[in-house]
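Next come the structures, one after another.
You will see two complexes here that share subunit A, one where it goes with subunit B and one where it goes with subunit C.
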Partner chain A sequence: MPEIHIAHPQFQPEPSVTAEQRQAASAAQEPSEVRRFLLSRGNSALADRSFQILMTLCALSIFGIVALIAIELIGNSRLAWHSFGLQFFFKAYIDPYTGLPTYWDPVNGHFSALPFVYGTLLSSLMALMLAVPLALGVAVFLTEMCPNFLRGPLAFLTELLAAIPSIIYGLWAIFVLVPLLREHVNPWLIKIFGWSGLFSDDNPTGLGFVSASVILAIMILPIISSLTREVMIAVPHSQREAVLALGATRWEMIRMGVLRNARIGIVGAIILGLGRALGETMAVTMVIGNSPEIHRSLLANGSSMAAVIANEFAEATNDLHRSALIEIGLALFIVTIIVNALARLLVWAVTRGAPARVN
Partner chain B sequence: MGVGIEVANLNAWYGSNHTLQDISLNIPANHATALIGPSGCGKSTFVRCLNRMHETNPIARVTGTVRMGGIDIYEDVKPVEIRRRVGMVFQRPNPFPTMSIYDNVAAGLKLNGYTNRKSLDEIVEKSLKNSALWDEVKDDLKKKSGASLSGGQQQRLCIARALAVDPEVLLMDEPASALDPVSTSKIEDLIFQLKTQYTIVIVTHNMQQAARVAEMTGFFLNGRMVEFDSTQKIFTNPSDKRTEDYITGRFG
Partner chain C sequence: MEAASTGTKFQLRARIRGLIDSGATILAVLSTLLVILPLVAIFIYLLLKGASSLNLDFFIRTPKPVGEAGGGMANAIVGSATLLAVASILGVPMGIFGGVYLAEFGRGTKLANAIRFTADVLNGVPSIVMGIAAYSLIVLPQGHFSAFAGGVALGIMMIPTICRTTEEMLLMVPHVVREAALGLGVPNWRSVLSITVKTASPGIITGCMLAFARVAGETAPLLFTALGNNFWSTTLNEPIAALPLQIYVYAISPYDDWHRLAWAGALVLIVLIVLAVSLVRYVTSRGVLKGAS
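Moving on, here comes the complex of A and B:
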């Protein structure tokens, strides 16, 4: 054996046990009780294999479900697809009696998804305009300013908003929100912004896009604020310190050190909120007014893609009507899947630390 | 030009943990002062008290006085004002990843509303030259993000960012401990040059580093300052037995 030279006397190994002693000791030893028990067990290969297959099947069933939904929607909307083509989403018919454009007239076989696409987009975007500032404010307050004793309860309450069933929101909207808007907000909107034509006073019900957007905004608030909070928390503390050390006030620190670093994730949170708003059905159906029309006024009645399916599917009188509804469903399905995938990707980019990869 | 710092009876707490006990010392202007001591001895807390970063933690508390160029930083000014005059470089490089190199350096000025584009360009160039990074980044100042640089370059970028606001004091909290030996020696050269223009306080784990860059050295132990003297004296003939034990490697 080559001699190992160790300079420091403290590190000299002590040759307390010789190789012969070691060998003798291990030869004399009987296998212990535990050792014999463990040796007697099989290699469990079969159980392991079946477990693996079972879990893989569970995971694959997700793909299966999505694929089945897609196949069903595509198959059943074929009739409408073949009858109208892409025109389905743009066309306006002219009513022979009034001379006005009409879009959706199942009795006369006129089907155009335009007012529903318009309604879905308009109500969702208005909801975003209302919900985003509020949600950002909530998230900034919760992560940066909230006293500790309030943080837990407030975060919990925000999340709880997401757990309330959609139908409850709808009922609340009908009994509380709509009367409130009708009596106190809409007259004010008409008075101040009436000149723009966006708020006309020809709908006395209080139902319509404004009501639908407000209730949607409340419903998407928790998802946007909790995801924004998540991406803000993911911004490393060292970024906040870097800004503070330059002499920033708290607001400047939040703007430069937090929001700027979290912005991609915040965009993701907003898009995810959009995804929720696009697909939301029940509460919107209850307050949007359900008339397949396109008006300039935001106070007018309208309809949305989800609302028309919910309202008419059970009463669809003929195959073309049913097929047209399913095609609207297919379009909604594709759009929400794309929007959600995009949003998740953006949020993931921040929380997994892609741009804020320092520290 | 730098200013001197007079610290008297400084005490600091994290919650109920009394991390700094009765620290008094005078840090000379336009010199480098090193603070050494084992982990958890309070030296980082001490520098964080010098720009009032310590109190950004809600459970932290400070008493005592710190006078900087005649101003009591805990009585006469708001934390924001003092942090504009005192630059800080942290242990791990923390450039702003969403900003270009240029914007990283200009961040402190832009934050405070300084918008003169021409002199901004000059200040960025001067700061990067002062931090010995200019030659490596001058071609992609606005193209590359602050996070695209190597660790050592990032730390020099952070130094440039601190220098751009023309501070009177530069605090460095183990600025080289996350860096490789080559980057470390660049940072040390830098400190050596900068200490003629700025008052530098550097916390370090590395005693050779303290000996190389600093004129004055303070030894901290368990929240107290054991000894504060010229670096020469501390490393050759310390007055306190504990200092001697520490620098000869008997503990810590």
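Moving on, here comes the complex of A and C:
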């Protein structure tokens, strides 16, 4: 008869536990000897085995989904790939009569994803520039400065911002944000920065990259700030206490003790926000103006990869057109997979010692 | 003399540091206010514009042609419910079972880590890509747009979210509970289903609702799968209307009547979603597993 040890994992971790201590604590949560003994003894091995296989299959379905998406996208974009190759993303068709580039002309069969790649990158980067400082400010305020009674409600409000569907952001942007920018912000931008050519006064609609990036910034803020908060919480208290004990002010404590320790995770959070911005569809489609052109002015109409798919896919005129749109989708898929994987790895590198947290 | 000047220098530095500190505090407070501002603005506009055009017709009538007053989104509400039902039938069991594998069988293995990672990455794939996948998987072979394709696109999006929340909830169930069940001679599968999953069920249900709320507002994957429909649609084999799709169509139209309907639809959508999220928040903040742990 095997001797049975009943292990009580009653760990009371100090407020300032290191990653190693946390790992030790989680190791104590592993199945005990009792459990292993009880599992090996049962006479329902067949049922248990098939149950386990069923669960495993469901979990493996996630691999299956990724593979399925990849196969479908690659298979259906083959036509465009064979017609244009890699040039699809770089080169425009030059009209022999006018000498002007034509990027996207479904009627005559000229397709180039260049303006959409440009639009996606430009709007996402501008959104990041607007959102990152604000998101860091919110995260710093919520973790380090906020009085306790405000923390819960404020965190809830910023999370609520993440739960609003993109279509509602788009609706609000069309009827409230765009007129606001058009009447009050754009004239001011043109007046002050007009000399640079980045803000030229030739688009009276108010739609365009500036509107798209402002709404994108509002949409990606919650994800960046909540992940930043998570990695900042994972910084051990001892770091904060050590910096404070040296006579630092609160801001110096945040800068040296918290932000510096959490910087990898914060970069991860920003990249995750970038991933969200790259793939954001509806709100951008509604305010970016949807014209496949490249202008120097940020106030001009443009388009993005997701927006062109949303706009034209259901009414694709021919197989080549549809295939070109699917190839843009494939590029979006690959880029967001890479960006998200990178971001997850960075965040995981910082928070891996921390216990599982319920959002 | 020397000492005094060092002293004043020190005082000056201390004052500058103090100023920087308060400056940083003010900036952090300001950015928080600036972030809350659009949220408040969105809700105020939704309430002002949505509530004024919300009436009984909205819930019981189908859309009317341009120019005729009235009309509602009854078919879109029913359509959204249909799509979400299809999505849940596909996504909820797969997600929960996948989460059970991660928490109960694969804990600590390389395979489980890979699956967890893939689920997180899949969560970040744009919804429009899911729409293209569902399109080429179902719409292309069938040759027509259908509610079923829209439901599948939404269901695929639910799986990774539900899988991860289920895992997190199951990890919070203490081992003692499992051991007690096994010690009574309960087979492992039974112990997992009726003890572990049942203990964590409030958390799992809230996770499902969160995923549900997320896909309820999705528009992009439906654009070329469910397509939208101005009339009643009763089968899964036809294009079907959905609330977010209808809002999109109305919002980009040039008609004031339709704009009003779009605001009303948005209000209905956001009320449903905020209810779901608040419920989740309420349940999780009360400590889902207080009784168990």
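Keep in mind that, in the parts below, the second predicted complex is superposed on the first by the 307 of 359 C-alpha atoms of A that agree within 3 Å, B and C clash if a C-alpha of one lies under 4 Å from a C-alpha of the other, contacts with A are read in each partner's own complex, and residues count from 1 in each chain.
Basically, a contact is a pair of C-beta atoms (placed from the backbone, for glycine too) under 8 Å apart; a residue touches a chain by one contact, two chains touch by 3 or more.
Keep in mind that what you see is a predicted model, and the values were worked out from it rather than measured.
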Touched partner set for A:Gly194, first subunit B, second subunit C, both or neither: neither
Contacts of A:Val140 with subunit B and subunit C, given as first, second, both or neither: second
Partner contacting more residues of subunit A (subunit B vs subunit C): C
Contacts of A:Glu241 with subunit B and subunit C, given as first, second, both or neither: first
Subunit B versus subunit C as contact partner of A:Glu252, first or second or both or neither: both
Partner chain(s) touched by A:Trp172 [first = subunit B, second = subunit C, both, neither]: second
First (subunit B), second (subunit C), both or neither touched by A:Ile326: second
Touched partner set for A:Phe63, first subunit B, second subunit C, both or neither: second
Which of subunit B and subunit C A:Arg260 touches, first, second, both or neither: first
Touching both subunit C and subunit B, counted on subunit A across the two superposed complexes: 249, 252, 356-359
Complex contacts: residues of subunit A adjacent to subunit B: 148, 236, 238-239, 241-249, 252, 256-257, 260-261, 263, 355-359
Interfacial residue positions of subunit B with respect to subunit A in the complex: 51, 53, 56, 58, 80-81, 83-85, 87-88, 90, 92-99, 107-108, 111-112, 146-147, 154, 158, 161-162, 165
Subunit C-touching residues of subunit A, taken from the complex the two chains share: 9, 29-32, 34-35, 38-39, 42, 44, 47-48, 51-52, 54-56, 58-63, 65-66, 68-69, 72-73, 75-76, 133-138, 140-142, 145, 152, 154, 156-161, 163-172, 174-176, 218, 221, 225, 249-252, 254, 272, 275-276, 278-282, 286, 306, 309-310, 313-314, 325-326, 329, 332-333, 336-337, 339-341, 343-344, 356-359
Subunit A-facing residues of subunit C, complex: 17-18, 20-21, 23-25, 27-32, 34-36, 38-39, 41-42, 45-46, 49, 93-94, 97-98, 100-102, 104-106, 108, 112, 114-115, 117-133, 135-137, 140, 145, 156, 159-160, 163, 168-169, 171-172, 175, 178-179, 182-183, 185, 187-190, 192, 203, 213-214, 216-220, 223-224, 227, 244, 247-248, 251-252, 259, 262-263, 266, 269-270, 273-274, 277, 281, 284-285, 288
